[in-house]
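What follows is a pair of complexes built around chain A, which joins chain B in one and chain C in the other.
Take a look at the complex of A and B:
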């Protein structure tokens, strides 16, 4: 039978959507938690204390050099062996992706913060704004728009990288796809192409809105010099 | 316009102490009339041998305009930044009407076009009064519009900073500082980065503020402007006050010190002299 007929079964779609939900949940929670982590890391990276900057630099380099898969294995298997810390597979994924996203986003925040001229801080200070008002009303809005394109890029990378969760046994959209293909191997030998095709569009549907939102915001903000 | 003002300004009664340039640097008497008093101000960076400001004492009487001249590196910008509270000081004191200066009473306009790029012209002006003075948006907007009217930019209220010329940005920056009702305004080479055609529109605004009796300290390289706007003029060199005068005209025509003569001479061009210099180099 033709592989495309596999897609006529409602149950196939329901299972794929369930898998997509797991993927989207891990990605959403990871990206969501990466934002505050990234803001704090970025702020610490601009710290006046040299030791703090070094520690943050070390953290960033470590995360960048290590393959995400190795980080996942360390979090999932290593932690339980070393400290008896039994993270379930989804939690291990979220921890790793937040550590990764936080480090990368932190570097973007650092770059954006240091690119704001000192005169902006001083003008705000001369107008009587306190440091917090200066940060929230003057510096952060400018920093956010400068780092927006790279941040959206990072978010889509995190969404795509959630597929590594398969290797820890998380049943997310790719795993569900494999299960469907395996279960229908004899009935629909060429089902793989169609199932993976659907998964491709599912990833696309998750990531595409991010790009749209980013482009909208960029257009709305392009009055920034 | 500047010429008119020159005639209109009454000659400031010459205080013998202040006019005597030799005693000016060590002049620490309290000005009873009110205004800003700087006494023995010392500014030195941690890893430097020489102080940037070495015992500066001067008064800016309320409602008067002080122009600070000096070669680059003389400490004049540092002096303004220290008064503004942007730099720490290692000695001396800065008083307003005899009490330590409250930084909220100081407004400043910088050389760089430092409007907030994420806000419109109006947004730039009303942000601080709303955040700091907790004024309502309507109230702040009403005053912002009056200020914009005065500098001739009311029709640009919804423009973004990058849509404005340098001169227009500086005029907005002046409005943004004025809406906080500073008791003293500091202008740090506000026209230095502007195209020559735009210098005039900014200086005209400052002259108008002077006529309205705003207390100001101005660092500038525009000598004609300094001459027209100054009630009191000081020359800084190497972090020290070299000459002080309450008569801008006299300062320019009959400087008391050799250093002032040298400094003013760099702004005068004589063809023969210049040619000779070129010959020397060749």
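Take a look at the complex of A and C:
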């Protein structure tokens, strides 16, 4: 029978969507937790203490140069040996994506903060704003504009990287797809083409709008500063 | 730390690194070719091809390499397109990398001001001379940082090819951890291997960036 008929079964779509939900859950939690971690990392990166800046730099460079799959292996297999920290595969994914997203976002926060001229702080002070008002009314609005497009792009990268979870054994959309292909191997031998095609477009439908948002923000905010 | 393990299995990682380098090298080369064609089509505003390139770039940038690889490795044979695992990995990397390279290269070409092209024309330079003496040198200086970042990105992404049974660095690491339970040693070798592959690329990249940064010299 023709493999495309597999896609006429509602159960196939329901299962794939359940798998996609696991993927989306990992991505959402990781992106959500990356924001506070990134803010702290970014703040530490602009610290006056040199040692703190060096440690943060080392952390960022290590995360950047290692493939995400290698980081996943280190967290999944290494942490349990090192500290008896028995992370399940999903938790290992979230930990790695937060460490990675936090480092990258931290660098964006650092870049945005340091790109704001000193005069802005000084003018705010002259106008009688206190440090908190200076931060929320002067610095933050400008910093956000500078980092938001790249941050949305980072979120897209995190969503795409959640696909690696299947290699640690998380039952997410790709694993569900493999199960459907294997279960129907005799009835629909060419199921792989259609199921992987559907998964391909599922990722696309999630990531594409994010890319468009990032591009729009970039175009709109590039003009006025 | 079990040093005899490291001495015993380091050659495994050296071989695996060669596989990673081999796949990435040809993947990057093909990605550059794809990127160059796409960038040329886009900046020359070729009518129909331009739309096709747009669709390709969006598809390739917004889907994960792992899914692309599974589609090429398990899906395409059902259409009669059967490639070896190595060819799949290289084609997958090129499919992903082509769009990234296209964006970096296009950014370079777009950064050359129109005045430059008009001046070159006025000076009587031919189209080819303009390209080789005016456009390419200036485009390179803007494009190189992006291209270098993409090369590093693609080498890192190649870690996924272990999923289609290619004996790269990740594959050997998992294999050894399963066989020997020497997790620390295998992970240490994994980290060292990737550092040995990626640090030189990163350093060469920085040198290239300086070399082609005409504006600041």
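Everything that follows uses one rule, which is that the second predicted complex is superposed on the first by the 210 of 225 C-alpha atoms of A that agree within 3 Å, B and C clash if a C-alpha of one lies under 4 Å from a C-alpha of the other, contacts with A are read in each partner's own complex, and residues count from 1 in each chain.
What we mean here is this: a contact is a pair of C-beta atoms (placed from the backbone, for glycine too) under 8 Å apart; a residue touches a chain by one contact, two chains touch by 3 or more.
Here the structure is a predicted model, which means the values were calculated and not measured.
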item: Between chain B and chain C, more extensive residue contact with chain A; value: C
item: First, second, both or neither for A:196, with chain B first and chain C second; value: second
item: Partner chain in contact with A:74 - chain B first, chain C second, else both or neither; value: second
item: Which of chain B and chain C A:131 touches, first, second, both or neither; value: neither
item: Chain B versus chain C as contact partner of A:164, first or second or both or neither; value: second
item: First (chain B), second (chain C), both or neither touched by A:141; value: first
item: Overlapping contact positions on chain A, where the chain C interface meets the chain B interface; value: none
item: Partner chain C, residues of chain A touching it in the complex; value: 3, 65-70, 73-74, 77-78, 81-82, 156, 160-164, 166-167, 174, 181, 189-190, 192-194, 196-197, 199-200, 203-204, 207-208, 211
item: Interfacial residue positions of chain A with respect to chain B in the complex; value: 117, 119-120, 122-129, 133, 137-138, 141-142, 145, 221, 223-225
item: Complex contact set, residues of chain B against chain A; value: 84-86, 103-104, 106-108, 110, 112, 114-118, 127-128, 131-132, 160-163, 173, 176-177, 180
item: Touching residues on chain C, where the partner in the complex is chain A; value: 58-59, 61-64, 66-68, 70-71, 74-79, 152, 156-160, 162-163, 169-170, 173-174, 177, 183-184, 187, 190-191, 194-195, 198-199, 202
